[in-house]
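Note that the chains are named A, B, C and D in the order they appear, and that numbering of residues resets to 1 at the start of each chain.
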Amino acid sequence: MTEDMDSKTHEKGQRYKIPGGPTQPEIVAISLLKLEVVPGDLVADIGCGTGTVTVALAQKAETVFAIDTRKEAISCTKEHCLHAGCSNVELIMGDARSIIKTIDRIDRAFCGGSKGIDEIIALLYARGSVRIVVNAVLLETVITTMEAMKKNGMHSEVVHLQISRSTNLAGRTMLVPIHPVYIITGSR
Amino acid sequence: MTEDMDSKTHEKGQRYKIPGGPTQPEIVAISLLKLEVVPGDLVADIGCGTGTVTVALAQKAETVFAIDTRKEAISCTKEHCLHAGCSNVELIMGDARSIIKTIDRIDRAFCGGSKGIDEIIALLYARGSVRIVVNAVLLETVITTMEAMKKNGMHSEVVHLQISRSTNLAGRTMLVPIHPVYIITGSR
Amino acid sequence: MTEDMDSKTHEKGQRYKIPGGPTQPEIVAISLLKLEVVPGDLVADIGCGTGTVTVALAQKAETVFAIDTRKEAISCTKEHCLHAGCSNVELIMGDARSIIKTIDRIDRAFCGGSKGIDEIIALLYARGSVRIVVNAVLLETVITTMEAMKKNGMHSEVVHLQISRSTNLAGRTMLVPIHPVYIITGSR
Amino acid sequence: MTEDMDSKTHEKGQRYKIPGGPTQPEIVAISLLKLEVVPGDLVADIGCGTGTVTVALAQKAETVFAIDTRKEAISCTKEHCLHAGCSNVELIMGDARSIIKTIDRIDRAFCGGSKGIDEIIALLYARGSVRIVVNAVLLETVITTMEAMKKNGMHSEVVHLQISRSTNLAGRTMLVPIHPVYIITGSR
């Protein structure tokens, strides 16, 4: 863990700027629901970003492999894990497609990004993954993901999530939408 | 009409800054659908703002009364009408609750705002309005509007509209949501 | 026109059962907004179904070519047009891909279906169409449509529309969703 | 526990017909996220229905008070708890407004219904509830709930959730919407 960790700045998310920011809590909750992690599971968090999903997975899994190509994402996730007291997370910087090959068994995986998603799904399937959950904001990624799951004999389900949150406007209530997300779940 | 009108700046909407901006074209289209204007109708546009709805109404109605409390809204609507060649629009600055009383007959009305909506509905009903369409973004306005319609013996329908529009992200397609709108239609 | 036409049964939509039913009025309104029909336009309604869109287009266009492979769709549209007093509609039964080739000029087109949409877009483009609007409920159709538009050098916009309508539940208001629709507009 | 329990019919939800059916899994997941149950909490599930939320709460809370006015809801929840192995659930049939008064302390509460929601919120607040989550499908309930929370000095947040799920149509993907839900969270 980094010596310069500072939970106060961390809490406010001011420290590391990860493009895209943390996955919204409602999206994390539904992604975890779909992943159906059980005790003993080895789980990969591919494109771990700020580490929000990593920490949530670590409460349920035996081990979480948190993977990201970006140095700042790994730093942010490390700090986030330290802050949350997770000791079952392995942080690995690099391209998921290379890293997955070095891991013997991955029971489940959460994919927050879209780069090389078809190859990633094939590799995860080969490592024995029984359930893969992908968060997509691009229509093309939804199709690519479903096709890759189908090609590997996985059943896929898509959930389109449109969330709006209230904001107070002079004592009255306006609903402000967050970006819609497609949550694609592949299972075998 | 103002002498200093400049359709070029107008077209870009740079000239007058009206809080809230123009009603989105899809929302205008559905509001007009619900208003069911027929030739000969005298129609009020209450809270005309940038004049987007005024111009659309003017294509169908005999006369449009464009009402707004804000000087800049009246100026912007005037310019918008001049630009579109509408000659059947009466621009009236002031509080709709006072102005409606000075008009003998109003067949239909579109209300973009929420201030005093319950009184406005009662006044419109007294002027013979057969159909009133209200755009609301505040939950409280939806309820107040429905109650006012009910109180005046009007049947009300609410349509909740959640629209997202595509944006190109490196050749791929992300959908970006606009603020959800409740379109409430009162009819007798 | 069929002798056995009966506007009463027609009005209730009881007569002809067209799978999918009529396009919802809000979807029609936004599709027409996007199509931007101007006087003098020759417009194709591909997959005319119940004729709801045909009749709406006929109010604005010079001529509407209403095309459908199904006999009952052509009958229903014919009746719908007769009922609405539209005399500028040409009803053509058959596969749009063959029929489009027999028409010299098509300025704009609305496509309610998805069968052969990529070929249809290429053919419409060759007939000079400046604007094509496709209603899609299948994710795969959205992608195929955008790709076909891109291939023909058209710019495409997708609008995702999620509409809910109120229903009265013992004096209170529940919102019931209709199926979400993607409205894809290609323009050159 | 009932002697005639049959987990097989239970699993398929065939046994007891509870109007409204079980809360959808995605809605349960987000409601639990908002409730923020911590170990040691005494939690009330008001309007427990099929018991789906009861069982989910029982994994996290010290004790769950599952309350419903309907005999069949209590039976269904009992069976559901037995099936899931929950031993920390107290099933209580009756009007929540009377029952809450008989319980000394309720740390958090989930309310699936809307009957007497304003009184229920006041009573829960008096028992020390720090967080109350209400699922509402009626617009009027959203307003009543927010007002009751405000009156008791609670801060409220509304999340509007519009979920669509994929269905396979001849190898292609259609998204089918479930009823939108407002999740209102009161906290002090």
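To be clear about the criterion, a contact is a pair of C-beta atoms (placed from the backbone, for glycine too) under 8 Å apart; a residue touches a chain by one contact, two chains touch by 3 or more.
From a predicted model like this one, the values you see are computed outputs, not experimental measurements.
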In contact with chain A and chain B alike are the chains C, D
What chain lies farthest away from chain C once each centre is taken as the mean of the Cα atoms? D
Distance between the CA centroids of chain A and chain D (whole Å) is 28
Distance-wise, how many Å sit between the C-alpha centres of chain B and chain D, to the nearest whole number? 40
Approximately how many whole Å separate the CA-defined centres of chain C and chain D? 43
What residues in chain A touch two or more of the other chains? 139-140, 146, 158, 160, 162, 164, 166, 173, 175, 180
Tell me, which parts of chain D touch chain B in their complex? 139-140, 142-143, 146, 158, 160, 162, 180
How about chain B: which of its residues touch chain C in the complex? 25-26, 29-30, 32-33, 146, 156-166, 173, 175
Can you check the complex and tell me which residues of chain C touch chain D? 137-141, 162, 164, 166, 169, 172-180
